[in-house]
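Since the structure comes first, as structure tokens, the remarks are kept for the end.
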Amino acid sequence: MPKSNPGRFFEDFSLGDRIRHATPRTLTDGDAALYIALTGSRYALFSSDEFANQNGLGRAPIDPLMVFHIVFGKSVPDISLNAVANLGYAEGRFLAPVYAGDTLTAESEVIGLRVNSNNKTGVVYVRTTGVNQLGEPVLSYVRWVMVNKRDPGAPAPQEHAPTLMDAVPAGDLVAPPELRFSPDYDTALAGSSYLYEDYEIGERIDHVDGMTVEEAEHQLVTRLYQNTAKVHFDAVAQLESRFGRRLIYGGVVISVARALAFNGLANAALVLGINGGRHVAPLFAADTIYCWSEVLDKADLGSTGALRLRLVAAKNRSCASFPGKEDNGGYNPAVILDFDYWAAIPKRA
Amino acid sequence: MPKSNPGRFFEDFSLGDRIRHATPRTLTDGDAALYIALTGSRYALFSSDEFANQNGLGRAPIDPLMVFHIVFGKSVPDISLNAVANLGYAEGRFLAPVYAGDTLTAESEVIGLRVNSNNKTGVVYVRTTGVNQLGEPVLSYVRWVMVNKRDPGAPAPQEHAPTLMDAVPAGDLVAPPELRFSPDYDTALAGSSYLYEDYEIGERIDHVDGMTVEEAEHQLVTRLYQNTAKVHFDAVAQLESRFGRRLIYGGVVISVARALAFNGLANAALVLGINGGRHVAPLFAADTIYCWSEVLDKADLGSTGALRLRLVAAKNRSCASFPGKEDNGGYNPAVILDFDYWAAIPKRA
Amino acid sequence: MPKSNPGRFFEDFSLGDRIRHATPRTLTDGDAALYIALTGSRYALFSSDEFANQNGLGRAPIDPLMVFHIVFGKSVPDISLNAVANLGYAEGRFLAPVYAGDTLTAESEVIGLRVNSNNKTGVVYVRTTGVNQLGEPVLSYVRWVMVNKRDPGAPAPQEHAPTLMDAVPAGDLVAPPELRFSPDYDTALAGSSYLYEDYEIGERIDHVDGMTVEEAEHQLVTRLYQNTAKVHFDAVAQLESRFGRRLIYGGVVISVARALAFNGLANAALVLGINGGRHVAPLFAADTIYCWSEVLDKADLGSTGALRLRLVAAKNRSCASFPGKEDNGGYNPAVILDFDYWAAIPKRA
């Protein structure tokens, strides 16, 4: 039996399995600096210990999206090494801030299984939890992936499609208890004067700027997350694939788009929840990401406001006309990401 | 009104305006490591806490040029998002060392305005100051940029062209008070036996080595500086530009050239002042930087010597023959940078 | 006399010379994060302070291979700037773990000299030692390089070819005294259930995954090591070379291959010794690295087991069929690296 990990096939998953993932990871200032270098993020809360401290946090936390990618990366060798496609996310909640020096581990529970009609693949649903060195959960989310069967003739497992919420209810969001936006919250330093009250449900924002992604860039950041999915790294193997080349990890698209979204949402730094997300089309090296946002909902969480935002990214074209779903129900061909999340934003004092 | 920042046009600046820039930034060991990875800098003072400590500093400071780029980057969204060209720098002085853990903010004052005769653009002069978390200024410099007018018919503003010094007088340079070059200053560890007394005014040094710059590299470091100028990042938008492709941030050229200048100026690590600088021609990805230096002046500051140096960088050709200004007054076509600065260098014990 | 360093030629070395190398270097969390980003390494011992601490170490040490590259890099300007080829390594021993915050310096002693029959080049053998800020050696190894003579007519020096061990004897390996693999060593977190007892001499492991290396990636990491060899960085100068383009530093191949070897050797994180290594063929940007390992020997060091491993890397083809030496004694044309080392691995409790 080979000592290298061939990855699980569909038959290797059973409902209720709990899988502890490898490579505990201490996040450091080095990771945070790389995240800025690789995404261009400018949110003050993650860039400045002073700014974070003025708003109740001990120091600048690690960007929650980086926490997501780190936890996600750990699950790849166990869950999605033989995945055909990442189908979706749901019920993502950030449960405690992560700071440089914290060590994260991750575990996934198989909460759903469904064989596809072709009998060659099946869908695996897992709830993945990231935990810090104190044993406190910092993140929980569901994802589902299409996984190859090893043997098309293998018997179908006990089927179970979990019931998932369309969105995390505002009441389930966990703002860090220590977060206290200052009455002197500094909008000049934050980069925008628009606060919770200034956003309206239905409002759309073009984030204007574009970011071209290079092969070296997406590989660097995806390796930083210790995500091992071959499709991102092995140009030779990808020659045999449908696209003939490396695919950029969808998390790179999410993070670059969120960094671009600073221009219009500078005060909505802290992601609290992930309601859903769809990687509508692949991104390749040398493509340029543009994006726009729509305010889907608002909620007053007491210590902070929260916006439910839809972040749509497109490639190689401006988002000034808000490309999204077309009249026929399909997406504009430039769209690559449709992401639905909650972010904290200060209320007016 | 859009919530995203369209950038100021020429008419939006008034003499005396003070603009506080966004995104306070805590610099960390992660930033310092990235600076080495991206430039190849080998100056002992910035590489080793022990070496810095032996020369009076608490630990290795952040390279002053990185401080410059970080402060500069903050000013871009407010000053030069609609800039046509960066025209020059003057009166740059580093006023206090910056260490990992320090948080920088930046502010610019509009000190000059001049409409161009075409009435489509104007020149904006700003003095930008970087400040640490204690409120101490760490850097002050003037830059001027050519900015588009929103409306060519807009009335000309109150004109004022500031009087700028050709060079920072040696007496205005601020060596860190704690800097005490050791009587046992270790030239072997520093990489060169040449100290203050060994350099002569008029002397020229070919720095020999070349460094090719990749698209991913300049984007990474420019994002690390949170510099948002579109010309560096958006390949699609650049297709419409004069050059048809992304331009490399001029600060990358300065820093790579300074890193190459180690080979000949290893003991002149600490930049104290920026007298002026001109980006003579653009650099593009896959170009190779070479450079040479000329000693313009020398000054004994007591605790340290200082060299006034001219750093000339060229692309895709050796600098063994010191390409610079030609007989006709123009530059050799390979020249990309002509930079004039002061650096501290130990005197013989 | 030029102030820039032209590098030593063969005639400039004398037997017994001790050369102190420039640029002392404080390693930080930033360097460790970059090492993960650039190699994709997933070894728990270097990724998690908690995991390291559970096994007796104060916190996660710097990967010994990074320590090797950092020390090696320092020696390049003094030893191999005019090298034609890196011929080999021997007698490498890691003598103390290195942690973020430690400062390394390096020194080399010339232990062998041999003129080649063409009289144009010679072989220089050096023993290089890396030392931390307490004066403790952290690494010692021998390497030999072919160096150009400045003048073919120069007299041959005193010749001496040192006697080098084929492999470091297990009894000479230095496991960190504080290393105490926990009786509860967590194989799930470590990523593999295979421990010392599970590996057999002669066993071969295909590491399955492939990693494509980009120009920006190898330049970034080689600059991080402050390795100045022109062949890696100067595309213009390389046009004149035999290969016409930049060569990737052999240490990049070693580190990427070791990162891939996680998949099959996850518990053999800590490299203790380097027995030898040959860069069989060059790697260029856009090539993809695959690798396999062979267990050459095993040793029980008391506090830990140790495996002597042969790591063979090939480019642009799978290693499923273990490409290595062919029947004619030469290497399979895809092979780029044949590396022989010792690594610690926990024994069953």
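Just so it is clear, A, B and C label the chains in written order, and each chain counts residues from 1 on its own.
By our rule, a contact is a pair of C-beta atoms (placed from the backbone, for glycine too) under 8 Å apart; a residue touches a chain by one contact, two chains touch by 3 or more.
Model, not experiment: these values are computed from the prediction.
Superposition angle, subunit B onto subunit C, using Cα atoms only: 120 degrees, a multiple of 5 between 0 and 180. Where subunit A touches subunit B, the two copies mostly use different residue numbers: shared numbers make up under half of all numbers in play. Remark: subunit A and subunit B have CA centroids separated by 36 Å (rounded to whole angstrom).
Each of the following residues of subunit B touches two or more other chains: 28-31, 33-34, 214-217, 220.
Every residue of subunit B that touches subunit C in the complex is listed here, in rising order: 28-34, 36-40, 42-44, 47-51, 59-60, 188-192, 194, 198-199, 205-212, 214-217, 220, 263-266, 286, 288, 316-317. Contacts from subunit A toward subunit C in the complex involve residues 2-6, 20-26, 28-31, 33-34, 77, 100-101, 103, 105, 133, 214-217, 219-221, 223-224, 226, 228, 230, 233-237, 246.
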